[in-house]
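Note that the chains are named A, B and C in the order they appear, and that numbering of residues resets to 1 at the start of each chain.
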Amino acid sequence: MLKQIEGSRAVAEAVALCRPEVICAYPISPQTHIVEALGEMVKSGALSPCEFINVESEFAAMSVAIGASAGGARSYTATASQGLLFMVEAVYNASGLGLPIVMTVANRALGAPINIWNDHSDSVSQRDSGWIQLFAETNQEALDLHIQAFRLAEELSLPVMVCMDGFILTHAYERVDMPTQEQVDAYLPPFEPRQVLDPDDPVSIGAMVGPEAFMEVRYLAHAKQIEALQRIPVLAEEFKRQFGRDSGGLLHTYRCEGADTIAVAMGSVLGTIKDVVDEMREAGHKIGVLGITSFRPFPLAAVRMALRQAKRVVVLEKTLAVGKGGVLATDVRMALAVEPVEVYTVIAGLGGRPITKRSLHALFRKAEKDDLDPVTFLDLNRTLVDKQLQREKEKRRSGPAAEAMLRDVGAVAARLV
Amino acid sequence: MFQVRIHGRGGQGVVTAAEMLSVAAFDEGRHAQAFPSFGSERTGAPVVAFCRIDDREIRSREPIMEPDALIVQDATLLHQVDVFAGLKSDGYVLINTGKTFAELGLAEFFAQHRADRLCTVPATELALKHLGRPLPNVPLLGGFAAISSTLKLESVHKAIRERFSGKLAEGNCAAASEAYAVVKKEMEEARHAQAD
Amino acid sequence: MSFQPIKFYQTGTFTVGNRLLAPEERSVQASIRRFNSINSGHRACQGCGEALGARYAIDAAMEATQGQLVAANATGCLEVFSTPYPETSWQIPWMHSLFGNTAAVATGLAAAMKIKGKKEVRVIAQGGDGGTTDIGFGCLSGMFERNDDVLYICYDNQAYMNTGVQRSSATPPAARTATTMAIGEEPGNVFGQGKFVPAIAMAHEIPYVATATVADLRDLEDKVQRAMGIRGARYLHILVPCPLGWGTASHETIKMARLAKETGLFPVFEAEHGEMKSVLPIRRQLPVEEFLKPQKRYAHLFAPTPRVEIIARLQAMADRNIRKYGLLGGTQ
């Protein structure tokens, strides 16, 4: 059914349709509307049977999910940014134990400095935790990915992180097509755990593994992610047949046929890029865009296939490998290792800095002329940076950097971008 | 695509206005996208919200840099925030005020602008009258329906009833209707004045 | 004819076997059919108080629930020595997640049992003092506040033993640990605020809080049984001496636990909803030296110079406990 609702609400309704049995949540911007909506549904009886637990920290949230999942219940939680970091020990524990927890991460920048706006640094910081990480482009895809996530997680016995841009998607009202309960039930069967704490069949979960077997246990985690590369497209295909739309999968290409320049990105910025691609194609430029949906497992082969014919690739990412360049770009480079394709890294949108069509038009035109540095920070205020560097050069006690720079920026409220 | 930017202060329902605008457009079978500016919001601080309306899927996520229409919920922002930045040369402007554009000190700024696209409506007073509360956001949507022709008043009413109930819904509908009438009249008069 | 003096508490109701009692009044451990929840073959040190306490507690819990039990275990000695891959000592459904989240994992297990309609399956969380009073404290308090249906058992050996005897917030003053060496002005652990989690549990007013030691098996079993008869958040804090960490002889574990109680340093009691309900009284009060002397972790209080003032402070602590908890029985 078509609805005009907030992204968070769409996700909450989709999660509810997946018949979660235990939801545990700790509030953090910008995930709050998701867990509030789910809490309301449980309290009103709309989502039943379901245990909704208000936990005392994100660390507790993931831990309760671990216990619930080990007890055989379909478990869900959501977080962002600092909250994700606070639960990292448990994040690794969940994937190490092979518990099929689904978690929404409403992507938000990591501090310090504290920042509540969108970028991908939070999810991406956990890229080697063993979780599957799927990035949604739109609120429709966000809600669809949650349905696919439960199915994928339980099939593989691996937890899945569904990533959606905080505020940009979570707090945007847009049209979504909400599936029916029957549709979701047909796609997502009840949870059959691979391991469960059951007095009728006692097992010990979480034993210490020493040097004699640890490599093998970790290899199996690696193999599971490789297996996921096969399963993700299959489940997306099945989803398309049952729900009638293209959502999920490993990646999406847009107007890449015959493109000399292909932009690569994840998440909501793909929408803005597509508008720019259309406008540039209109003006005769051979440009396309590749959207990566499955960030982990990273689809090396599929990315290579999608990009190898291009002359150059512009990886536009909302993450920074500090001191190095790009995170996504590093993975893309690995995929293109043997291909003669130039890869440009563009760090953009950190901490919620808007990515505008105007900037993208200029950026892609520069790329086409190969007039780009290997690593570019989009719309960087070089003056602001230089001023701070100068300040630090002049004085030992230069004070907190962020504060000094904000003073230079001036009143923010008066500005739009 | 039609792009609306709404300016106001925290606590005035700017975000709700954008959301309801998108719902009204949706009710007419169109695509709509509404989102706030995500500033560090607190009551009284300047707030911006955006709404895009189109007949096809809306993909872009950037803030609205070149609005087709502006709604200013709080006239005290006029000389504090650059609310008119990027406004299209024939864009619509709707300001919540009992004053005229001239009295607001905007006559020179809008000297070359189409007069029938510049409207004011005392939305706060209308809200007080119909709702008993100084919430101008919803009445302004009624005014917007009059000014823009991209939205029907009935759709605004429908969106109001989806969001609110009881006296709040009816009061908001009445205020929106009156705002609509006020703005329609203003546009008529402006057109006549131009014709003279 | 030679004779051997038999101390009173070696006979009667305080032995494990206790043939003097009717069968139904005997301890769980006395039965050949006990669940043996933590089976032999684990890697605990000789004389480990925690292995003993866990066996007592979990067997009693299994008896009380007729085997319908699942357990979450914190990282620590118990977890490490009971589950060396690929073997496990546990005969019950058991899981180990992390160090600081055991109470939360148990909360999750309880929710799962409830939602799956397995209302008769009960949940136990267990951890050492480190995993409970320090790193696990936040999750513990959260579980208390929500009154989740979990019995949390803390096996308190008063330091982070598994990692090499480092100080925890449960380490008593003046005790030597690897991070509170017996040197300087204030040798051993400082005289700080202390952190007696049973009292904090009482402040949460949860349905049941109790302390116990491995010296009083029947008392411990009774408390576990009582706890399993109650729904909601429950907390049991068991003193489990550690021969290695305390520097005591491995055959003296039970005796050390008894001395802790008899000196008043470790109060043994029960509380419900924040109100004291019962006390296991000191049978014959002993001066704290009796407890301190056998332990190498307190050796610096006796040699080279007897630290009379420190011992006096510890005695004052014991006396305060006796007053506060009414440990000598009678009126408080």
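Rule of thumb we're sticking to: a contact is a pair of C-beta atoms (placed from the backbone, for glycine too) under 8 Å apart; a residue touches a chain by one contact, two chains touch by 3 or more.
In this text the structure is predicted, and so the values were computed from the model without any measurement.
Closest chain to the protein centre (all Cα atoms averaged), using per-chain Cα means: A. More C-beta pairs touch across one of A-B and A-C than the other; that pair is A-C.
Note: centroid distance chain B to chain C, computed from Cα atoms, is 67 Å.
With centres taken as mean Cα positions, chain B sits 34 Å from chain A. In terms of their C-alpha centroids, the spacing between chain A and chain C amounts to 45 Å. Listed in rising order, the residues of chain C touching chain A in the complex are 67-70, 72-73, 79-80, 83-86, 88, 90-98, 100-101, 104-116, 121, 138-139, 141-142, 145-146, 148. By the touch criterion stated above, chain A contacts chain B in their complex at residues 2, 4, 6, 116-117, 138, 165, 167-168, 171-175, 268-272, 274-275, 352, 354-358, 412-417. By the touch rule above, chain A contacts chain C in their complex via residues 21-22, 24, 49-51, 53-57, 59-60, 62-73, 75, 89-90, 93, 97, 197-199, 201-210, 213.
Chain contact summary for the complex, chain B toward chain A: residues 18-19, 22-23, 26-27, 31-39, 45-46, 48, 58-63, 65, 80-82, 85-86.
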